[in-house]
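One chain, subunit A, links the two complexes that follow: it is found with subunit B in the first and with subunit C in the second.
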Partner chain A sequence: MRDAWEIVKKEFVCDMRSRTGLGTGVLFAVSSAVSLGLAGSKFEASASVIAGLTWAAVLFTSVVAVSRTFIAEEEAKTADLLRVFGRMSAVFWGKVVYASAVMICLGFLQAGLVLVLLSGSVADPLMFIASLASGCCTLAVGLTVCSSMAARAGGGAGLAGVMAIPLLLFVLAPGIAALRASLGDPLPNAWASVVALVGFGSALCAAGPYAFAAAWKS
Partner chain B sequence: MSGRYVWLVLLIVGYAALLVTYSNAPGALGFPVPDLAKIIFFHVPPAMLCTVFFLWAAIMGIRYVSSRKPYFDMATQASVEIGTLLCALATVTGMMFAKAQWGKYWEWDPRQTSILIQLLIYLAYFALRSAFTDRDRAAKVTATYAAFAFITVPFLVWVLPRVVAFTKHEGANQAVVGGQLDSTYRTIFWIATVYVFALAVTAYKWRIAALQIEKTREVTNGLASMDATDTRVLRPVPLHSDGRSEEDEE
Partner chain C sequence: MLSARGLAKWYGGARVFEGVHFDLVRGDILAITGPNGSGKSTLLRIIAGLETQTNGDVERSASDALGYAGPELGLYAHLTGAEHVSFVSALRSVAPDFGVLAYVGLSGAEHKRIGAYSTGMKSRLRLALALIGRPVLLLLDEPGASLDAQGRRLVADIVREQAKQGAVLLATNDPEERLLADMELRLDA
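And then the complex of A and B:
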């Protein structure tokens, strides 16, 4: 637990120094939200359109912000230090916690901006928070595992994105359904979508440490 | 002709005979256009069997990661290849089915969407495999990916169609698995499934045999290059700015 917390702190310090993860992610989130707002400025977007655009933007922002987590370690030649640091699970969970925190910040920033720019409003705040938070954490776990697999391959972050986007496309369906419901679209059994998101995220969390240990230590 | 070719010819001839025999049968009930429902013999078996091959790839991937025996890497690769082929077949025939039954090639029906996502997920396997220069590392990482990627399959197959309320597959699913097909249709459907499975397993075994030959060649070539009698020594050659060496000038 303490080792994982050390990794979280180290990630935060490195990110503040290099501004590659959060800094790039914020810029991408803002500019993509502005692009969507510009594209939809001439029509009144429905809840389903806003939900769909928001989740598509969050998915691509996650690739930009989180997919470099292990690739940056390889580039900075600090990956071997991490390998000898200790337990693989501590490294994995430290990275996942930091990536989840980054993604939650970016997800809410981006969703808020899209809502403001496309004149949407939240009807069910609890579902809005639950769907975005669970979806962002799921994206963070999936991308962390994909990043560890692509770290030593040619192609780096691009390859991690190519692997992660199809793997995480499932998030879009329940994510959009739950977000639509939270924006006031009457959908039957919308909480089932949040449960599906949490279930998918939990499955990735359960298998993630094993996949990470196998890929990262090779 | 060896036994395996006889087996393959029998399979293909049998499958063709089955379809020709059935071409004059009446249309299936439970479909919007019953006469064009026969495409399910091409569409449903690959859609079901690709999941079986992806599951097998995950099992072989886990076995490779735990044992590092090259056979399991070959089995993983062959399973993903055959599974992806079946998945692509299911996607294309699904589009034809959609056009025939629903009037459009693509409807964003949850089942159509899930099979397309599965196809993309397993195509990424090949991108990952080709991105490594080190074969052993490629084998280990892709085996891990094959196992990890299978986590999405139950969600795509069972959860996605239930999360998205609207599906046009309801009627088709009821017709195929809900017992609405008449006995002739059902018999032919299951025989076709067994045929496609037998064809896919044959292709899988051949692919593994081909990969083993490839591996043997690689090992042989590797050993040849490490031959102790080979005493040639590489030495640096100074190059001019235009790329020609001093030896070239001489």
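And then the complex of A and C:
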């Protein structure tokens, strides 16, 4: 556990000092939310429109912010340092935890800005938090796994994004449904969407280490 | 401690080496020599688990810690030397011993970021990281290539000290480094 936590700390320090990853993500999250706010300032957006725009923005923010995690390690050849000195599971879980933390911060920042700028309001705070948090973590896990495979294939962040998009589209349907409900759109069984997000994220967490191991060792 | 049997490496249709056999026991220092492109670094990377061989087997006790220093081992440009020691120590589950930085001649540079290190300083840091956790098997790829005379003496000290607690595999073309070894494996391109 301690070695996984060290990976998280290392990611945070390198991100803060290099101003990549989190910095780029914040810039994209704010600029896309402000653009949506400017575009929608003249009309009253419904809960479904706000939910759809928010998740589309969060999806692309995740590709910008966390898809380079392993690609940067391979480019700088620091992946070899992790392979020689670190345990594979510590590397995977350290990266996943950091990417999840980044995506939760960016997701709530972006959703908050979209809500304020499009004059939306939260009717069910618990569902709002649960849907965004579970969706952001699922995006983070999926992108981390895709990043490891793209990095070993010699591709860039674009390849990771292309690989991840079909996987991450499964986040959109339950994510939008749960967010709509949290914004006051009456939907039956809205919590089932949150359960679906958690279930999909759990499945990625269960399968992710195997896919990662194959890419990491190849 | 380490046994290689019939190791071969091919990149597509291009042979790098084949039929490599050797055994290493505690106290051994094996120099791997050969012209550029003969596969010295590749052989070390295979033993370190960074590449896979095309054929053959490497047998090594899983409990034996392995240290590796090579010119291609990346360092984090935004971390300091001391932070690298702390990070690698945590990955190795040992308490950080910052004295290793003084040992490799990086006193005063502990808190500088790697981006400000010279090539020689980076090589010294790689040596320091390889020594963390007192590895039983030490793999050194061209360790003195970018070091000054003092640095080359440091490499000689490290190799001799390591032979007391384990074994060393040294990929080199430097005649002085070659003399540190008691065995030689020559790879021909």
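Just a few scattered comments:
As a convention for this text, the second predicted complex is superposed on the first by the 215 of 218 C-alpha atoms of A that agree within 3 Å, B and C clash if a C-alpha of one lies under 4 Å from a C-alpha of the other, contacts with A are read in each partner's own complex, and residues count from 1 in each chain.
Assume a residue touches a chain if its C-beta (ideal position, glycine included) is under 8 Å from a C-beta of that chain, and two chains touch if they have at least 3 such contacts.
Keep in mind the model is a prediction, meaning the values are calculated, not measured.
Ranking subunit B and subunit C by residues of subunit A touched puts B first.
In the overlay built on the shared chain, the residue A:Ser193 is in contact with subunit B alone; subunit C does not reach it.
Of the two partner chains, subunit C is the only one touched by A:Ser18; subunit B is not. Residue contacts after overlaying the shared chain place A:Pro166 against subunit B, while subunit C stays out of touching range. Once the two complexes are laid over each other on the shared chain, residue contacts for A:Val145 go to subunit B alone; subunit C is not touched. Of the two partner chains, subunit C is the only one that A:Arg83 touches; subunit B does not reach it. Common to the subunit B and subunit C contact sets on subunit A are residues 218. Here subunit C touches subunit A in the complex through residues 48-50, 52, 66, 68, 72-79, 83, 87-88, 90-93, 113, 129, 132, going by the rule given at the top.
Taken together, the subunit B residues at the contact with subunit A in this complex read 65, 110, 113, 117, 120-121, 123-124, 127-128, 131-133, 136-138, 140-141, 143-145, 147-149, 151-152, 155-156, 159-160, 162-165. Only residues 2-3, 6, 10, 13-14, 17-18, 73, 76-87, 90, 217-218 of subunit A touch subunit C when the two sit together in their complex. Subunit A meets subunit B in the complex at residues 145, 149-150, 152-155, 159, 162-163, 165-167, 169-170, 173-174, 177, 187-188, 192-193, 196, 199-200, 203-204, 207-208, 211, 214-215, 218.
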